[in-house]
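Shared chain: subunit A. Partners: subunit B in the first complex, subunit C in the second.
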Partner chain A sequence: MIQIKGLSFLYNDSKEPALNNINLQIGEGEFVGIVGPTGAGKSTLALCLNGVIPHFLHGEFYGEVKVDGKDTVENDCARIAYSVGSVFQDPEAQIVSTRVEDEIAFGLENLNIPRIEIAARIKESLEMTGISDLRDYSTTQLSGGQKQRVAIASAIALRPKILVLDEPTSELDPKGSLDIFNTLQKLNKEYSITIVVIEQKIQLLTEYCSRLVVMEKGSVLLDGPTRNVLANQEILQKIGVNSSPVTRLAYMLKKEGLYQGEFPINVEEAYLVVSKVLSEKRR
Partner chain B sequence: MIRLNNLCYQYKNGNKVLKNLNIHIKSGEFVAIIGQNGAGKTTLLKQLNGLLKPSQGTINVCGLDAAKTKTSILAKKIGFLFQNPDHQIFCATVYEEIAFGLKNLGISHEDIEGLVNRAAQRVGIDQYLKTDPFSLSKGQRQRVALASVLAMETDVLVLDEPTTGQDYSEGLEIMEIVKDLNKRGKTVIIVTHDMELVAQYAKRVIVLQKGSVLEDGPTEMVLGREESLALSNLQPPQAYLLAKKFHKQGFFKDVYRVEEMLDEIISYLDGEENACNG
Partner chain C sequence: MPAMVEYIQTDSFFHRLNPITKILWTFAVLIISFLFNSPIPILVILLSNLLIALASGIIKQVLPMMKALFIFSFILILCQIFFVDEGKTLFYAIPYFNIGKVTDAGLNMSLVMSFRMVATVSTIPILMMTTPMTDMVVVLVEKLKIPFKYAFMFITALRFIPTLMGEIEQIMQAQMSRGYNSDTRNPFKKMVIVIPLAIPLLVSSIKKTEKMAISMEARGFASGPRSYFRKIVMGKADYAALVLLLTAILSPALL
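The block that comes next holds the complex of A and B.
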């Protein structure tokens, strides 16, 4: 679904490349989390997926990015928008309409979708994101989490195969953040939309994503199934990427020589790990 | 240090945001204020710096009646660091940025230099004093904003979501600096959604729910109040939830940090070993 080969990008006026020889293949229906310290190139990578780079932000672009079979250099942003939907940090910054329904219609109108079709798409995308009841709401009276779900609904109204989100929960409280990830999970499982999400909240990433990509200084440092990536605790801690408390506990037990095995990603799994540690010693 | 008596606040449209708050914060405390979006946390902070005046009740900050004191006077007593450093940074160099508030207070040039240097050193940005703050990373800019607040040498430091929008190590650096300041006697009030951060740093937790105080007590007590936290859509830290799963079997006391959980496991295993040897 996404093919990135030898991608490097250097912003104009910049000396260091923001991306340095990125190679990444993401298949249809994957739910991929991207994590890394500030300045790792995560946002730049997201902008390469929706065509903003190289079409609007200029610089030296090397390599190849294909989304849904479309080369992002040869296709303009409007055409890429049919394949890749984008959602950013601050929902306020992307909402332009006063009513939820109009907000979702906005992108569709821009792409000259017929009126009847637009009505159907609004209904569909509200249902998919679980906010059908908000259809007639004013966008100003929504909570942060609701606004962000409206932004997601607007993005998927174009029926993209890929959804790219850059820190979609950074302005939200824990409940709002959880709502977003539950929505993403639904879109991923029920509609097979490929999800690529940049996120600092590591507990959410580890519980929802099947694959983690760790970036540092413009490169991909680690890439694999979430658990395998979390197994690299020394590297993660060295570059300043946090892990869930339960994952860190398993790592501490490992260092004490008390545990060998997979890293837990939630409290239930950690319970099994600790139970095992206790019972093995007892025998 | 800070005392709220029956404090109420309602916006002009009649919306009651703060209801009958009675809070007393003593010198040297490290208090976390938690609660979901819309609980009234930000409105409460605005009472502390005098941007909003109570509709009813009183608020006393460092011996001053905040309702009757100019914000510029309160600014000498209580310093604020906000979520986004870029909302409070506007000078051309880091030095000017840190010196700005001091100049407004009419402090002499020589004294300002000393205060700026001291604050910059405290947060580890003294090598950037001549740099344009916007050429620094976001984490460094947050430290510039913190230095500007520290230079005022206020007794109280208030931080509104200081780690949001920063990566993990940047957030950690800020919190370690704040922890050290608290150790040296500064009163710290932090507003956050991050329960792991609360468990790690705060000594007292206040849960605001729809404008009222739902819980107020030592961190260890409040973080175990699952029902109250659930009302605010918050969850206890993972270490607490994990330890609790073993309570039925009679293992482990309540813990809030994974380091404590590790200690519990190890001391349990040591106990088992002793029992076997004995």
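The block that comes next holds the complex of A and C.
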């Protein structure tokens, strides 16, 4: 679904490349989380996927990015928008309309989709994101989490196969963040939309994503199934990616030689690990 | 802090009118106010504006604006009323020294000017408060053939008012928590005080604009011909209102 080959990018007026020889293949229906310290090039990578780079933000672009079979250099943003939906960090800055309905219609109107079709698509994407009750709301009335879900609805109204989200929960409270990830999970499982999400809250990523990509200084450092990536605790801690408390707990137990096995990804699994260790100790 | 002219959702007769009818109404008020040269008919128009605001359920928001407009127009009156020499002298502002002569012609002219100003300007917030911006854009682009980019610029500017208000509040609190005193009644001091607020606001709004542009770009903005979700039609009420407006414009000619 996404093929990135030897991608390097250098922003104008910048000496250090933001991306340095990235190679990444993401298949259909994957739920991929991208983590990494600030300045690792995560956002730049997201902008390369939706064609904003190189069409809107300029710089030196090397390599090849293909989304849904479309080369991002040969196709303009509008054509890529049919395949890749984008959601950004700031809920305030990506909402252009004053009514929820109009916000979802915005992309459809831009692509000259007929009126009747727009009405059907609005209904569909509101249902998919579970916010049908917000349809007649004014966008200024919404909470941050609701705004982000409207942004997601607006992105999927174009029926993209891929959804790219750049830190969608960074300005949200824990409840709002959870809502977003539940929505993403639903879109991934029920509608098999490929999801690529950049996120600082590693706990959410470990619980929801099947695959993790760790970036540092414009390169991909680690890439693989979530548990396998989490096993590289030394590297993660060295580059300043904090793991969730349950992962750290398991890592400490492993270091003490008390536990061998897979890394837990949530509290339930951690409970099993700890009770196993305790029962072995007792014996 | 709510923005000055935000759309207020209620289900009133005036809300349901076609935006074009309402735009024509603002022009009709303008034309009629200039056709008359005595204060009473213009006052009647002014009252009709208030009546529309009352019927639309936005009188609470409109009254303070009217008040502000009247204060402004009173200042305008003071600036010119003493300079009219024609007509009968009614009284002097400072009686014993015969300074500040007020004539009937002067009073008449000032009242006409003042009512005219308030009547014509107050239609704009009434229009804005009763018409959703998206509807306005649809008629501006589809009926009045204004390029979409300009219409879009206009609505985004309005859309950003509450956002920027929130931003100002935040910056102000940040500055105040570091001991910055922004509390003064002196307007000149206030101007100086605003500068440290204006620069961060400018920087953050430029950043916001860029983010918004990227988000719009990712949804195919300005990629070619555009369709519109909302459809706005002229109803019976619109034609009735247009007939009413036309008679109102023609009536001074008949009188």
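We adopt the following convention: the second predicted complex is superposed on the first by the 283 of 283 C-alpha atoms of A that agree within 3 Å, B and C clash if a C-alpha of one lies under 4 Å from a C-alpha of the other, contacts with A are read in each partner's own complex, and residues count from 1 in each chain.
Note that in this section a residue touches a chain if its C-beta (ideal position, glycine included) is under 8 Å from a C-beta of that chain, and two chains touch if they have at least 3 such contacts.
Predicted, not measured: the structure shown is a model, and the values here were computed from it.
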First (subunit B), second (subunit C), both or neither touched by A:106: second
Partner chain(s) touched by A:270 [first = subunit B, second = subunit C, both, neither]: first
Set of subunit A residues, in rising order, touched by both subunit B and subunit C: none
Residues on subunit A engaged by subunit C in the complex (per definition of touch): 47, 50-52, 55-57, 76-78, 81, 84-86, 88-90, 92-94, 96-99, 101-102, 105-115, 118-119, 122, 138, 140, 151, 154-155, 158
Subunit A contact footprint on subunit B (complex, rising order): 36-38, 137-139, 164-170, 172, 193, 195-196, 233-235, 237-239, 241-242, 245-246, 251, 257-259, 261-262, 265-266, 268-269, 272-273
Footprint of subunit A on subunit C - complex, ascending: 6-7, 9, 132-134, 155-156, 158-159, 162-163, 208-209, 211-231
Touch list for subunit A against partner subunit B, complex: 36-39, 143-145, 170-176, 200, 202-203, 240-242, 244-246, 248-249, 252-253, 256, 258, 267, 270-271, 274, 277-278, 281-282
